[in-house]
Every structure is written in structure tokens, then in C-alpha cells.
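Heads up, the next two complexes both have chain A, just with different partners, chain B and then chain C.
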Partner chain A sequence: MPIFFYIPWIHVSGCNMKAKSAWVAIWFLAGLHLLVLFAGFFAPYSYDTQDRYQPFAPPARIHFIDANGKFHWRPFIYRSVSDIENSTEYKEEQSTMFPLRFVTHGDRYSLLGLTDSSIHLFGVDEPARIYLFGADGFGRDQLSRTLYGGRVSLFAGLLAALLSATTGLELGGIAGLYGKAVDEVIMRLAEIFIAVPWFYLLLAIRAFLRLQIEPVTAFMLVVGVIGLVGWGRPARLVRGVVLSARERNFVLAARGFGASNTYVLRRHILPSALGVVFTQIALLVPLFILAEVVLSFLGLGIGEPVPSWGNMLSYAQQHLLLTSRWWMLLPGLVLVPVFLAYHQLLDSLHLRLQ
Partner chain B sequence: MIRYLLRRAGNIALMLLGVSILMFLLSAAAPGDVLSEARMNPQISPETLQAMRVQYGLDQPLPTRYWKWLSSVAHGNLGYSFLYNLPASSLLWPRALNTLLLTVPALFLSWAIALPLGVLAAARKGSWIDRIFSAGTSTLLAVPDLLLALLVLVFALRTHAFPVGGMNSHDTSDFGWWTTILDTAWHMVLPVTVLVVGSIPTIIRHVRASMIEVLGSSYMKAAEGHGLSRFTLLYRYALPAAANPLITLFGLSVAALLSVSLLVEVVMSWPGMGPLLVEAILSRDLFVVIGATMLSILLMGVGNLFADLLLYTVDPRIRVQHES
Partner chain C sequence: MRALRKICLALIAAIMPVMLAAQDYMRSTAEVGQRGGHLSIALAAEPKTLNPVTALDQNSRAVIWRMAADLVHINRSTLKTEPALAKTWTASADGRQFTLKLRHGIHFSDGVAFDANDVIFTCKVYLDEKVHAPQRDLLMISGKPVSVEKLDDFTVRFTFPAAYAAGDRFFDSIAMLPQHLLQKDYEAGTLQQAWTLSTPPEKMAGLGPFRVKKVVPGASITLERNPYYWKTDAKGQQLPYLDELTFIAVPTQDAQVIRFQAGDTQVLNTLSGENFAALAKDQQAHGYKLSDLGPGLEYNIVFFNLNNDTQGRLPEINRKQKWFSDLRFRRAVSSAVDRAGIVRLVYRGRGAPLATHVTPGNKYWINNAIAVPQHSVSQARQYLKDAEFTWKPDGTLQDAGGQAVEFSILVSSSNPQRVEMATLVQDDLKQLGMKVNVLAMSSGAVIDRVLNTHDFEAALMGFGGSDADPNPEMGLLTSTGQVHVWHAGENKSTTAWQAEIDQLMEKQLVTLSYAARKKQYDRVQEIIARQLPFIPLASPHLLVAAKEDLGNFRPAILEHYTLWNVEELFWRTPAKNK
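Our next item is the complex of A and B:
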């Protein structure tokens, strides 16, 4: 169920523990975002490097002890091979070991769009390929694709939430400050966006936009649509804060001392609204990550060959894949710790603000 | 009472009108229409295309189209599906019924399960039961519905315990209506499970929170002092006092369930509104998209209306407020 309405789940006891786990959540999220930002370095392959001879290769096992029982300090893997041609039943070929190489050369990638590089954190020598998360139907590395896909999914959620929150802040602020007809129009509009089941609204708005589009445009479009759908709730909350702040004694006092409109807005009203906005962002990000995942899952978001967690998961819809190749579900499982972290953050933000 | 209900119904009607205008405006700004695909096809001549445009009414200005759509709604048609050459309503209604077949049982089942659990957690606040519930609900909340649906699907495919996909096995129509109903119920188990498991944690948390608030109040202490039994105390006195926010949540959970159901239907290929809507989007079947959105608002409005009615009957304060 969407997490729109959970304000009251705060356990007031154990404040210290909450603060600590909030830091764990923050560090985890920061680490994950760095990981996907530098996906080129951390991923052993590019997201579209295929190996047509190893479709659905299972996750590689990392060994320290070889077939003869000898221990090796450098971990190694065996190559997955199938006996029959075109079969996806694999077993390890134990005649040759492929030691793990760290900081090694591989596929070229662009580092943050600034410079090209071909250095990867780890890899193995050709012709073996290391599939820590297994491979998909084209023999593409699931780990690499999950990292690159996180770039799309995590940042789509984050950007859309920022978009929603800023739009909500501005429109809610305007509605609260000007009141009367402006307030009426904005709030009626917000009501529509809040009341319609959000998923229907998301799909309805998506329905009127171009279907076949470039990945970059698709990303922008998805962020725009998701951000647009979610502005109602933050706007209503910000309006409430502005309305109550306007009547507070310290604001009236400041006005009495001759404070200007902009001063009151900047010094008194914005700070009290920001708390609400931050909480809303923490609440919207996981929701919007899911929105991107679902859109791409349905084929309405970011499309192949660029991976997103959603379009990777759409392969798992095929029943045969789902039962025999569990690693196709990994991009969905990654969502769980991400959501846990964001919920933790939301909890602590609520606690701090009360 | 009736005036109150009428006003709420009027609100929904206004909302429907607003959303439909918004969607028509959006559709005018949209690139491409239902004929985009036909235009790519070299075998279809420009004359045919023009004829199709006229036939679909796409050559007329937006206000005319909107007016025509409105009158079609008044006739109960909800516009026209380009793809199926049928009134959109004849496509949408059976699908909407199938969606309700999932969401209504899921709604009542999840409340029936979550309410006692939430009360239990509140009554034993701080105990190990409460902690287990708290950990369990946090974990469940972090599992997205999409993943939940896929995991349930894996379970079903592995164990072969439940049928996967569709609403009926293909051979049941020969065995009479009773078998068909049983078969449909059997097919409902998985999607309803996903919906229930997905919505339980939120409900438990809210029940717990509002019960704790009531249980801490002095009149509950007084009632306890009179030697009332624990059960009477919780369910006869505390729960009605805590009910108001929960009833509002009940109305809201209708909207949430409708949204999630859309996704579950697609994953489990249940012939509800979800697959129809996705297909309509992919083929630019404008009126089906608009109709589906309208229907979702209508269903949600009915849910909220039901919650209002419930609130009206449960809370005497509201009754007095509205009658005076």
C-alpha cells in the first residue's frame, strides 16, 4: 500500500537508538548512491555487453579451494559451461581456474560524463566472465545492470520527489500567502491530484505522452510525470504551515516592528515549512522509485537497452524464468533495503520535528 | 443526513468533471493519437486516414469533442473505444467488476485481520508481541507490492498449490455455475493474498497508534477501575472511541487498494481494469484511458462515501453537528 498516510507510528521510547539507526540509513543510502553513480567502476562490465554463449548463466561461485583440495590466497572462479549446445543447464568447468583480478582493465565507460576510463574494481580474464548476480537472457551481467539500473531508478525517484516538493512548496506557499481566489483554485487542483488513485493518475498522464522515446528523454519524462502527480500533498501541507505561521505571535511581532513581506517569508515562514518539505521528500522518494520501477516494468518508462530496475524485473514476468532463475528477481529485492532505509529516515525526521 | 450525502455525491461529480476536462486538455496537447500507427503503414491511403479521422471525430475542435463525450456519458457509454469498435463502457464495466471482485474481499479481509492484531499490539504495548508486530510491519512495508506479487507468483509456480493467471481454468464452463464460482474463488486466492498482505501493515500501525492514544486516557483508567473485563474494555469501549481516524483510513484504503490492484492484475494476468488500461495506453485508445480513470475515481468516491456513512452512524457528535 502506498505510504501516504503513516504519520502516527512513532515509538517515543528509544530515542537514541532511533537517531543511531537514522545515521545507519543515511550512510547506507549515501553509499548506495555513490555505488550507482560510479557504476562504471564498480560494475565488472558495461550494461549492454552481451555474451550470447552464456544466457542465464547462474551466479558465479567464488572459490578459495580448488578441485584438488588446494587452498589459494587469491579467490578464483570456474567458467560455467553447458554440455549441450544452446542449453542453459550449466556446470563449472573445473580444469582451468580464473583468478579474480582487482583494479583491472575492461569495458570502456564514461566516468560521470567527464572522462573515459576502462578501469574496473574487479574482473576475470577472458574467456571467462564473472556473473556475481548471474546473467540475463542475453548473457549480460545482472550485477552490472543492477548497478546501472540503480542509477536510473534511484535518481528518478529522488529527482521526481525534489520536483514534487519544490512545486508543492511554491504552490502551497502562494496559496497560503495570497489566500482568496488564488488559494481556492490551487487547492481545488491539488485536491484532484490527491484524490484520484495515484496509480491511475500516473498511467493516465503517461498515456498522453509519446511512447517510443530515447532513454534520456524517457528518463526526463518519467521524472516529470511522477513529479507532477505527487505535488498535491506537499502543497496542502505547506499551505497549512504558512497559514498557521502567518498568525503566530512572533510573526505578528516581527510585522509590528516593520518587517517586510519577504523578510517574514524568508526568516519565519520558510524555516517552518522546510521541516514539512523534508519529511515529504523522505516519504515521496521510495514511492516515486517504485513508480518508476512500475512504469518501466509495464513498458511505459525507460526501455532497453538502458537498464532500470523496472525493465529488468519485467523479464521475471515470464513464469519459466521466475521458477528456475531466481536471480532475475534481484533488482526487485534490492528495493527492500532501500525502502527500509528511507522509512527509517522518515521515522527519525518525524521524531525530530515533534 | 440525505442532504449531507447529496453534497458528498455532488463533490464527486464535480471532481469527475474537473478530471475529465483536465484529461481532454492533456489529450489535445498529446503527440500522436490512435491513428499514429496507421499513419506509419504505407498500405493505408491518406484518404482512408482522413475518413477514419472523421469517423472517430478527431477532426473536430476540442470543445465539440468534449461536449460529444459528455453526452455519451449521459447515455452511459463513456465514449468509444477505437481499438475494439465498441462503446468504452461495455469494455470497462465487466473489467471493473472483476477488479472489484479482488478489491472488495481484500478490503474486508485485510481489515478483519489487521483490526484485532492492531488492538492486540496496542493492548500489549512494549511487550514482545508488540515488538514482533512492529518489526514485521516495518519489513512488510519495505517490500514493494510489485515484488510481493512476483514472490507470491514464485511460490505458486514452485508448489503448484494454486492456479496462476486468469480468472478461470479453461474447461470449467462445461461444469455448471457452481463449479465456475468455486474455480474463480480458487483463482482469486493469490491476487487477494497479495493485496491483503500489502495493506495489512499500514492498517495495523494506525489501529495501534489510535488505540494507544485512547487507552492512555483517564476515562479508560476509570472504566478499568470499575472492574470491566479486558475484552469489554478493549472492544466495547476503547475501539469505538478510537474509530474515527480509522474509518477515514478505511475510505482511503479503497483508493490504495485500487492502485495496487492495477499492478497485481497485470502481474497475475487477472482480467481486470489493469491489463485493459495498459493495453489502451499502448494503443492510444483515448476514451478507454479516460473512462478507466473516471471509474477509478467513482469507485474511490463510493468508498469514501461509505466511510462517511459509517462515521455518521458511529459518531454521535457528527450526527448532531449536521442536524443542527
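Our next item is the complex of A and C:
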């Protein structure tokens, strides 16, 4: 998220509520991205650690007062057990308390691909498992999977939006600046890309790829396709800005002094289009996050056991989950504040530009 | 006027028993019910056709078999054959000839009489290569067609090219066709296009308990009682009891459960363990009747690609086949798979772990001496060590050449239970240091890769459900079988054990004694358990549900699980189920 820290139009002033809420949105998004980036530390378990005796275990209840009414300073949980074999209805086994351990050792994970670690923010001793947001059908921790899944979903949206906006900025700039045949070709191409249903394009590309692709390749594929197909709209907007900017006096003056097209584009025109591009990015990120979620929901994105919010939500197709296992909807619920934050940001940018 | 009506009624009452006697009706032994009412059931999709000659999909067959009948029928409850359109039959001593006596006075649902000419016509149509009927395979024995001759209007003789073990079972599921309605289409070569969903109901007829009344495209098909049906109840009342039967297209099982709970349908033909548990909670309050029939005949297996790619089209797969063809590798995989975990997580305990492809539900043919493999990671590691596999410091398994063991499992995305199963297998094999990728794709793509292009490394598929007899398994088990999935292009056995399976399966096909056949099939199961051409996983229990008010509801482990005796189903309070 560092890109938003350089946005020059957002100033905090005591009376500017819009700007304030934009900063709230920025901090929220930055915090969330940090959480998912360091998911290994914040999540109590690895995304694929199963407990086959605890499918669909409900969210753990954190206690300070034990079954005998005694208060404990250190929070603790009771282990969830099912008294009927194969049942997914659980009760707390109150004979043993499992205190929460902070900065504790657990599953090994890779920290940003630089080093391995096994330190987690919190956890409990075996054989208990702490499911703050319940478990899925394989007894995997939903919180851990949501954090790991956010890496895919949030960053796929962000990277695809950046790719789209950068391509749109360049091609829209060129079309606006050079005009005539170049403009015609680029704009007709943009229209084709706007008209192409990206879903079918992805299906076609997937058919050409090897049977077995790594999650990283699948991620890049999703980012690439969504990003490259989405450049049409930003390009059209940028072209409009460039068309109006190139007739301005300071551009004409620069040309009069013998400035080259590249110089004019880089020095004068593109900076004036940056506002539009940032607005477009704020608009496209949630759209592209949703696109990734839809693709993975349909099984075309990241495959099991690597989580993404989309493939996690695919389990929510089962009506029982909707009626009795609300925690399976967590990835969908997380999307709401993310989208609201992006919307807020977009709103502020839009106002600022006006 | 009133006197005249009385005379007419008296006459009808007097003539009826004579007519019934002349009509050679079959008497049901089920509980006597009462007429009236309407029953709705969900189908996963709209049937593609109402033509028995072209129907391939399960949904079409579910509807067609409520309107059609066969000569000899396998009772889905007892799994034994019983008379249907043929009243009696006799087999020759060598098991090659079957003489069938047809019932007299039977009529198609349009009122036209049924006789031996319809049987001859039916067999001619199914055997005609140009028609491409799926039933053609059923009428072929050892690659040669069965011949049929008419001895008189109500007697036909079937001659098999070789002795056929399950002789009387042979006639099940071959729907008799009305010559008077289909002859023209057959001669014109348009039989494939006949009896679609847009065909007017009066132009279709069958010998089943119902006939088409109304088709609402994309939504439902309503059948009405066949007034000429040839079965009566124990009191002589003509069956079926129900006035109407409606099939509603409801695409997912979850949606089917919701429609059932809402009262839109009254029977659920299949249920997942998850939905079964949810419905069981309030079954009494809502008046449901849930049945767990135990393991059915469906079995799920994982198999590796053992095809010979002589042209070297798939070098990556060829390289991995060195592992797959090593029995110790397959045994390691089998030992590492937690079958109990699959049953617990995928079927919520309503399933059975498998030792071979024969499920515990198939009591006549299962070899009980074969135990389900123990889940043992240490044993699996030992098998791999014996096969000269080693482990890198990070725990990754590598072969003798230092190549990391990584492969993908194809699975049909339309079956969430199989996808879950593949995910569990993936996690189990991770304990051995294998990297397994689960590739969920459409079932059509999976079948194409497995049977046609052979572009797969491993696959997880489900089979079974049609019959308990070993004969339908010929397609999977023999090297020339059409669904010999692990080596689809084998054609001729390439290993000694496959040759023995081929030989035993061919032998049991023509052995008439059950004891001798059982011994041969037991041996086939032993070979499979030892050589593991596929890794058997688990079989789901058959779980069904119906409204409590539905009489004679006796679900069975053969398809159609709930409507196989639809003619006997009745509402105890028909007024409530109009």
C-alpha cells in the first residue's frame, strides 16, 4: 500500500471529515495488508494444518472465569469435543483449561521468503487448538486461512489494478498525444478489450497451460489476465485528459521551445493524468479483488490447499453453512470493510480532483 | 336413467374379473394402499430425452424407467430377478438359450397390444449399429450379438453366442419399445430424433406405470397413471396408486434439500451425510422419514496413469510412470491414505472404507477375507525405502535419480465430496514428502483425459451403482474394457496379474454355478488388493428421505433408489397430497 502515502491531494485538516475518513481507510488497508503479509506470525497455525477430529469446530470462546467460577488473569479456552462420533456438534470439555500463550512456537512458516520461523503471536498447548473464527470441514483454522488467503486476494487485486492502470496510462497517453491512426488503433483495441469477457479469456489461457501449475503461476496468471484485460477503461480516460492537456498553453510553450513528444508526455501530460489514474486504481482494486474471488470460487484461481478468499468461499455454496456455520463466511465478511475502505478512498480522491 | 346406470355398473363389475383374468396381470405383494395423490421428486437436470434408445444420462433414465418395462426385472430390494413382461422363462441346460413366455393381454400406455413382435423389434433396434443404442453392449456377449426368434405371439427365444452366467439378469433394463409408434422412425433412420421433450404425449407410449402428461421445458415433467398398466395389488386393484408423478429440475443437492424442506418435493433420492444429519435433527417435527441403507455399490478409487505412451507424446508423465508402475510405490500410497478419515470427514461417518472395488453393500460378491489396508505412515515409508526412494533434508521425497516426487490428481469439480477426498489424500501423501496437486475440472474433461488423451498422472473417480453382479465390472477390470481407466489403451494384458484377471472375468461370465463364480471373483478381488491397479478409498452409505405419509417406501441400493417401486407407492392421506 505505500503508493497511497504519496498521494498529494489528501491533507488532514481539523474540519475535513472526508480527508480524515480517507486516512482511516488508508490506515485500515495498510494494517490489513501488513497482517496478511505477516500472516505466518499473526496466524496461530499454518493454512493447511488439519485436525481431522474437529471438522467445523465453532469459534473458540475465550474465558477469564473457569467452570468453578474462579477468575484467571490469563485468558484461556476449553477444548471443543464432540460427544457423538462423527457429529459436528461440539461442547467444551471443562476438565482442562488451556491458557493462551503469546509469542509462542508452532507450525513453521516462511517470513516473506527470507527466513523460516515458528514464532506465532498466540496459540494454545496441544492437544487443544484455538479456532478464534472456527474451523473448516478439514479442521483447518479459518482465521489462519483467511489471513493467508488475503495474500492472494488482496495482492492479486492490487497488482492487477496497478498493471491495468500502468498499461492504460501509457497506451492512453500515446493515443491522446499522437492522435490520428495511432489513436484509432489503440482506442479500437481498448474497445475490444472492454468487450472481451475476461472469464472466457482466462478459460482459454488455462486450456493452453500445463496440466499442473504452481500456485505462484496460477496467481500470476490471474493477475496477468485480469490486469491486462482491464486496461481499456483507464486508457480511454487518460486519453481524454491528454487530449485536453496537449492544447494547454504550457504544453504549447514547451513544444515551441522544441520539446520532444516523449519529454512533453513525461514532464507535462502524464502528471496531469495521474489523478485520474489513482482514482481508477482505487476503483479497480475492489473490482479485481472480486474478480479473483469469483475465479477462485469457480475453481479457476488458486487451488487447494493454498487458500484464497474465493476458494474459501466456495464452501459457502452449501446451504447448511449459510444457516448454521456462519464462520465459513468470514472471507466474505472481510471483503465488506475492504471495499468500503477503497470506496472511501475513491470518494476522497474524486472530490479532491473536482 | 338411474336403473340404466345400475345395470351398466353391474355389467362392468361382472366383466371386470374376466377381463383381468384375460389380461394376465402381475400381482404385487406389497402393502395394499389407496389410489390418489401426487408425488414430486427432484432431478439434478432436465432429462435430455424421453427416448429409451438414446438415453444416456441418469436424469433421462430416471423418467424413462417410470414409463417403460423390461421382460425380466431385478428386484431392487432382494437383488434377485422376478417376472415382469415375461411371465415365465426357461433356460437350456448349457445356459445358452432362454425361452420367455410373455404375459397375455398386456397393452402399451396408448392402448395398443404388446406381443412378441415388439420384443423382436426392440432387439433389432438395439442391436442395429446405425442406431448407436447404449443397450447394444448389453445385448452382446463375448463380442457377438444375441439372437432372438419368435416362437409364437407370446413366446420368444433368446440364443446367446456363449453360455452366460447371469442369464436371467441379462433381460433387466432393456426397455421394450412399441413397434407401432417407432417402426416408421426406425425405417427412416430418424429414431435418434424421436421422443424428445417436445414430442406430443399421445405420440409416445410405454409399458411402465406412468405416461407423459405435460412437459414444462426447463422446469418439470409431469407423468400420469398408465390406465393399461399390468400390475395389481394383493386385492386386485390396478396399480399404480398415485395419480401423477412430477420430476422437477433442481440442479444442486443443497437446493434439492431446500425444496424438500419447503414441501415442493416429497422424496429425496440421494443425500450427503451432512444434509442427512441436518434433516435428522427435525425429522419428527416435519414428518420426514430418513433411511440410511448402509454402503451402496458406489466405490471411489484413486488410480495412476499406467498407459504405455510408445510415441513419447507425454515425456513428463512417462518419467513419473517409473514410480507409478512400481508396486511398492502404490502400496505406500495405499498405506498412507487415511480411509477412516475420509469416511469421517467426507461422509460424516456414513460411509465405509474399502479394501477393493466391491463394497460391503454387495453382500453376494464381496470377498470378506480381504481386510481394509491399515493407515500407517511408517509402513508407507518402509515401502518407499524398499523402492529406493529417499528424503531430502526438508522432508521432500525423491526417487533414486534425485527427482522430487510430485504429481497431480484429477477430480471432477461437480462432485464436492470427491474434491474433498482428493484434498485429504493430498494431505496424507504430504506426510510422505510427496507434493500432490489437486486439479478439479469438469467431469467431461476428466473422462477425456483419462480415456482418450491419457494426459493425466493420477485421477480420483467413482464407479458402480448399476448392478451387484460382477459382469458390469468387466468394463473396468479387463484389459479390453471400455473404462479400464488406469491403462485405457491396454487392449491386451501386459502383466501376468492382469492376464489372470482377464481370464477369471471371462471365465465367470460363462460359469453358471454361483459358488464357482464367487470363487473366481474372490480371486479377482485378491489380485486387485495385492497388485493395487487402483487404490480403493471409500463407499458412501445410501441416504434417502421421504415424507412419513408415503406408503410402501422401500428404498434400495440399486438405481433408482427410491422410485424403483413407484407403482406401489401410495399416500396414506391422498387428500393432503393432491
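Definition applied: the second predicted complex is superposed on the first by the 319 of 354 C-alpha atoms of A that agree within 3 Å, B and C clash if a C-alpha of one lies under 4 Å from a C-alpha of the other, contacts with A are read in each partner's own complex, and residues count from 1 in each chain.
Everything below uses one rule, namely that contacts are C-beta pairs under 8 Å (C-beta built on N, C-alpha and C of every residue); 3 or more make two chains touch, one makes a residue touch a chain.
This one's a predicted model, so the numbers in the text were calculated from it and none came from an experiment.
Once chain A of one complex is fitted onto chain A of the other, the partner contacts of A:Gly240 are absent, as it touches neither chain B nor chain C. Look at A:Gly179: by the touch rule set out above, it reaches neither chain B nor chain C.
Contact with chain B, but none with chain C, is seen for A:Leu290 once the two complexes are overlaid on the shared chain. By the touch criterion stated above, A:Gly224 is placed in contact with neither chain B nor chain C. The partner that reaches more residues of chain A, of the two candidates chain B and chain C, is B. Applying the stated contact rule after C-alpha superposition, one finds that A:Gly275 touches neither chain B nor chain C.
In the superposed pair of complexes, A:Gln317 makes contact with chain B and with chain C alike.
By the touch criterion stated above, A:Ile192 is placed in contact with chain B alone, chain C being left untouched. Of the two partner chains placed by superposition, only chain B is touched by A:Ile205; chain C is not.
Common to the chain B-facing and chain C-facing surfaces of chain A are residues 211, 299, 317, 319. Across the complex, chain A is touched by residues 252, 254-255, 257-258, 273-275, 277-278, 338, 341, 344-345, 348-350, 406-408, 413, 416, 419-420, 423-424, 426-427, 430, 437-441, 449, 455-457 of chain C. By the touch criterion given at the top, residues 48, 50, 52-53, 55, 85-88, 137-139, 211-212, 299, 303-305, 317-320, 324 of chain A touch chain C in their complex.
Listed in rising order, the residues of chain A touching chain B in the complex are 1-6, 8-9, 11, 13, 188, 191-192, 195-201, 203-211, 290, 293-294, 297-300, 313, 316-317, 319, 322-323, 326, 329, 332-333, 335-337, 339-340, 343.
Those residues of chain B that touch chain A in the complex are listed here as 15, 18-19, 22-23, 26-27, 29-32, 126, 134, 138-139, 141-147, 150-151, 153-154, 157-158, 164-165, 198-199, 201-202, 205-206, 208-210, 249, 252-253, 255-260, 262-263, 266-267, 277-278, 280-282, 284, 286, 289-290, 292-293, 296-297, 300.
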